[in-house]
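In order of appearance the chains are A, B, C and D, and numbering begins at 1 in each one.
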Amino acid sequence: MHNYFNKKIKVGIVGGTGYTGVELLRILIQHPNVDLTVITSRKESGLYVSDLYPNLRNHISLKFSSLDNPDLMNCDVVFFATPHGVAMSQARDLLKSGVKIIDLAADFRIKDIDVFEKWYKIEHSCPDILKTSEYGLVELNRSNIVKSNVIGNPGCYPTTVILGLIPLLDQSIPLIDVDDIVADCKSGVSGSGKKLEASGLFSESSDNFKAYSVSGHRHHPEIVSQIEKISGKKVNLTFVPHLVPMIRGMFSTIYVKILPHALDIDFQELFVKRYGSEPFIDIMPYGSLPETRSVRSSNNLRIAIYRPGNKDRLIILVTQDNLVKGAAGQAVQNMNLIFNIKETIGLESIAILP
Amino acid sequence: MHNYFNKKIKVGIVGGTGYTGVELLRILIQHPNVDLTVITSRKESGLYVSDLYPNLRNHISLKFSSLDNPDLMNCDVVFFATPHGVAMSQARDLLKSGVKIIDLAADFRIKDIDVFEKWYKIEHSCPDILKTSEYGLVELNRSNIVKSNVIGNPGCYPTTVILGLIPLLDQSIPLIDVDDIVADCKSGVSGSGKKLEASGLFSESSDNFKAYSVSGHRHHPEIVSQIEKISGKKVNLTFVPHLVPMIRGMFSTIYVKILPHALDIDFQELFVKRYGSEPFIDIMPYGSLPETRSVRSSNNLRIAIYRPGNKDRLIILVTQDNLVKGAAGQAVQNMNLIFNIKETIGLESIAILP
Amino acid sequence: MHNYFNKKIKVGIVGGTGYTGVELLRILIQHPNVDLTVITSRKESGLYVSDLYPNLRNHISLKFSSLDNPDLMNCDVVFFATPHGVAMSQARDLLKSGVKIIDLAADFRIKDIDVFEKWYKIEHSCPDILKTSEYGLVELNRSNIVKSNVIGNPGCYPTTVILGLIPLLDQSIPLIDVDDIVADCKSGVSGSGKKLEASGLFSESSDNFKAYSVSGHRHHPEIVSQIEKISGKKVNLTFVPHLVPMIRGMFSTIYVKILPHALDIDFQELFVKRYGSEPFIDIMPYGSLPETRSVRSSNNLRIAIYRPGNKDRLIILVTQDNLVKGAAGQAVQNMNLIFNIKETIGLESIAILP
Amino acid sequence: MHNYFNKKIKVGIVGGTGYTGVELLRILIQHPNVDLTVITSRKESGLYVSDLYPNLRNHISLKFSSLDNPDLMNCDVVFFATPHGVAMSQARDLLKSGVKIIDLAADFRIKDIDVFEKWYKIEHSCPDILKTSEYGLVELNRSNIVKSNVIGNPGCYPTTVILGLIPLLDQSIPLIDVDDIVADCKSGVSGSGKKLEASGLFSESSDNFKAYSVSGHRHHPEIVSQIEKISGKKVNLTFVPHLVPMIRGMFSTIYVKILPHALDIDFQELFVKRYGSEPFIDIMPYGSLPETRSVRSSNNLRIAIYRPGNKDRLIILVTQDNLVKGAAGQAVQNMNLIFNIKETIGLESIAILP
């Protein structure tokens, strides 16, 4: 393993025009160990990056280049902020050239190819690479990520739900009834990206609240596969995503039933112990009310535990910025790990409030 | 019972300065059978109503009067849009004068005085009147409301959760496990009224999402008392309210577990049958996604049922405008019933969209 | 002139899928003198109207039909809620069939064909009809509208700016320097319609404010042509539109310089006199602060006049709901006039607040 | 002058509970040359700062202390993020102890005491200190600020309007008619602070737009005094502030009339030249449309110039984050100057978008 502490990591981004793309740019431009060398875009090739994203004016001089830009092969790592299916199509060539891959889409999130193909309606083109890839949820999988060349960066909802459940499941026997888990999740509108769909218009989504994908959302199998792996059991998860009229922010309310053998456990303490040394996980004091704005633009994820009446139901509240810890920030956290630099570098800025 | 179809109902409002107050005014001013004669306010006595609420300019010439305005005694009905405790303090005198009462606060919502006093931290001053009062959820209790002189208008959250559960519970045996009900509820900011608290400021609640009162909310015992009455069983309800950065709108996502004996039931049909003739309940086609904006400013409440994978979990989505069906509109619906005029009069306007 | 007070007006809408379309529908469905018989849409032909606009569920049973629906010819009046250029292409046939036309686009707003073609980049296909058409600003042009068969419904910005200036200009000599008029105008996002453009996305336009079309906006020549007609002089208008992160609402701040001969005029009184009997224009008391929400969803337009320090500058604040008085409401106001029914019918509902 | 490049500046904040206070904290905590030693609050004395502002959790361990905390006297500089009148009451003692003062309120913004007392309704308690203080608009007054011990940090509106006019006024003869300047300004809601007033509630200010203080706003004399000083002439400024439903951001649209002798000037070039080397002023290419979000949370101020039809009117668009360049960021920029460290330190972070 090389130590990049004293030299720059050469970074490329494929598909830099969406919201995870611009957020990656914002973080990487300010990252002291990064040398951003290439950003591709199918549609915007030739355009100055700062002409598309006015917040980057005077901060970046690169233009978007086309997808086949050979400079990608000279990078140390390439981020894919693309639709599903793009990373897998370029992975083999990049790996051959010694380039590491961090995919912010779903190509390397789900190990079971049948499940992947059922939910994403595309054939997986590199099952062998998928096998060697790692799920980039650092707080779950840090030791494997460090050694990996291909990272499947977690989905935004899965990040909150899995991190909210880990302490209850990574036990010899789960502490909760895995047949009875409800995750009621809420996301800001940026979660659906910059797609031109009527539902994303201000006049359609402002001053409004709704559920969506209630019959089934692609993040469902991703969550299930991870929590089944952690708990070693089949789980029954009910997961309903909702859309909140705010730009950024994700809030998951998780409802579980404590098993009889676990009724005497101090769950607050359990969570504090499990995550105590994690730089980006904040277990709030009992009775706290996390808010999405408290982590806006930061890589922090906050958790509060409630056990009303000290009975057998536990409520776990989890909040993050969907574009940072739920996407670009977590991807950079993975990069820092892989390149053996301090995990928090470039990710320490304080949330913007108000 | 008198028929008011051809004469005007003389209406008074106590406490007309909050958001349920102005919404009552908006509806009642436009109600063809209503003669609005008195509006009181402790703080704003002497002020023109339209000076406080600019939308009412040129629509109402009344001033706020003081709480002891004797004209209240000459009304046919008085609405209380006041804090908890006010209606009970004036109820006896009004009833003696033959004035009917519709309380939009909680004084007549909970029959069990111990429960009321525990949650509302005030003594109930007229238990005898409470006994004769009726819970004003029309679709549950219409036949009793018609004959009543005192109505406890339901809370906003209870309206959605109870109406979302009735068809599953008003059976010889409930169709769902009453020990395992989760209601994850979301409200627009107007639900917390016009109180001057930092949490209600635009800069605090815009672009933000959070849960609140997770340890216990006053609407919890109200919901439980009604669904226990309906089902005839003790129920275990987990209820978490959340705050959405929108002015109006409420959305409840209810998670229940179908009992084995009920697995073959067509729940969509069950709901359609139960509510088919209700003018303000809309059971949407299977697969629909209700949105709060679709009922903004209207008295409609919309329900969609989901049963993912046709398994044993049912998800009920319920939406309403918290200030209309969840407060002022429902109160007027009760008034229409009590005065024997068409239930929908004054409540038929179409939701504002976009 | 026929009197429609006792019979229904048969109404058609061409292009009912945009925001002015759905607003027309909302108003016309609730209009007691209207029989809505046909709604066309190029893209949505065959779809139930209520499937596109959930607020209309259970209020309308029509489907969108294709543009060449012959039923249009049997209407008494057809509204065009279409892009510019559609109304003029169908006007001749409709008029031959005795159908009156109210165009919510710009085809009949500007009498000077050269100006029209320069700004709208399309040839005008029926200059003769344009000549006989009337500009549908009721408070300016009521007596001509009554007798007209073709109405060019004003643009949203022009409605506010022209109504804000009329009392100062329709004098033997204008009271203000027509060479020095600034109109700084702000619109909610619905003003740009339901177009699928990135700038209309929630994540792009929420929590943001900007000017647009600063070099020139199509409403500029429309305003200028009317105020030159009123004042009988060439005017120099500086007009800058801005986008506000709200769905509905328009606010224009107009800055003018009082001419020496007019310095002693009581401008508040002047405005009150000019508009005193207008049902939809509210001249607010001196010192008032109009707000867009005070007219949200209503057909009212509010004006407040300021003359700081009683010097030679006058500031006129004008607010309306861009979709109602600025579009669909004003169109229905025109219809009422043309069909000789009370001008306010169907337009009297109170603004929604909060 | 001391050079603090290699040691920490000891910083105190008086009144750290408002929005400019928390923004100061966010910036100063991340500032590599700052040692934050004391934060006072009258109301919150004893509370952990991070309990009031959840974004600061795990970033600061200080508690609020009382106003008379003697540690203030040991600071190198004290920021006042207080209501008007507080800084002047403590200035003398602090200065005696060698502590520099940066006041974010108005105590040291206006040199003319009569004007100050007329607008702020309080007596000025230290006219002698006021005389030696400097107006902290860096781009106007850098050379004097460097040598000063007391800075009056500019108001948010004045920052945009003055910077938008400087290049047109700091000439031997002004290039524009100083008798005819209109500044139509728009601010996000955070500009009015964390005051508990109904008008600041989400339900009152969301989905709404309005003007306020049209008869006169305290920033008017501040702007006028500076631009009269720059131009050497009496000016006639019409200034109307408006409230935008967004948390942060300020946008000023300035309308001026070019004088005959200046009609041939290339104004774009003029602005570029005047501000070319300014690290925080961005003169955008001709035709650009600045947006508030493009500078959200950053210390940048963006200007675009328009001259429609190349005639005699100039429109200047200016945008900034009212809490950063309009308050806390500018204050830190002043601190950097005074302590002789690089002006941009601690202020270089990229705006958050979307």
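Keep in mind that, in the parts below, contacts are C-beta pairs under 8 Å (C-beta built on N, C-alpha and C of every residue); 3 or more make two chains touch, one makes a residue touch a chain.
Since the model is a prediction, treat every value here as computed from it, not as a measurement.
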Winner on C-beta contact pairs when A-B is weighed against B-C: A-B
Most widely separated chain from subunit A, with each centre as the mean of CA atoms: C
Cα-centroid distance, subunit B relative to subunit D, in whole angstrom: 47
Approximate Å spacing (C-alpha centroids) for the pair subunit A, subunit B: 40
Centroid distance [mean C-alpha coordinates] between subunit C and subunit B, Å: 37
Touching two or more other chains - residue numbers and ranges from subunit B: 19, 190, 203-204, 206-207, 245-248, 290-291, 293, 296, 354
Touch list for subunit B against partner subunit C, complex: 19, 22, 26, 29-30, 53-59, 190, 206-207, 247-248, 282, 284, 290-291, 293-298, 300, 323, 348-354
Contacting residues of subunit B [partner subunit A, same complex]: 180, 182, 184, 186, 188, 203-204, 206-212, 214-216, 236, 238, 240, 242, 244-249, 251, 253, 255, 257, 287, 289-293, 296, 304, 306, 308-309, 313, 315, 317, 319, 354
Of all residues in subunit D, those that touch subunit B in their complex: 19, 189-190, 194, 196-198, 200-207, 245-247
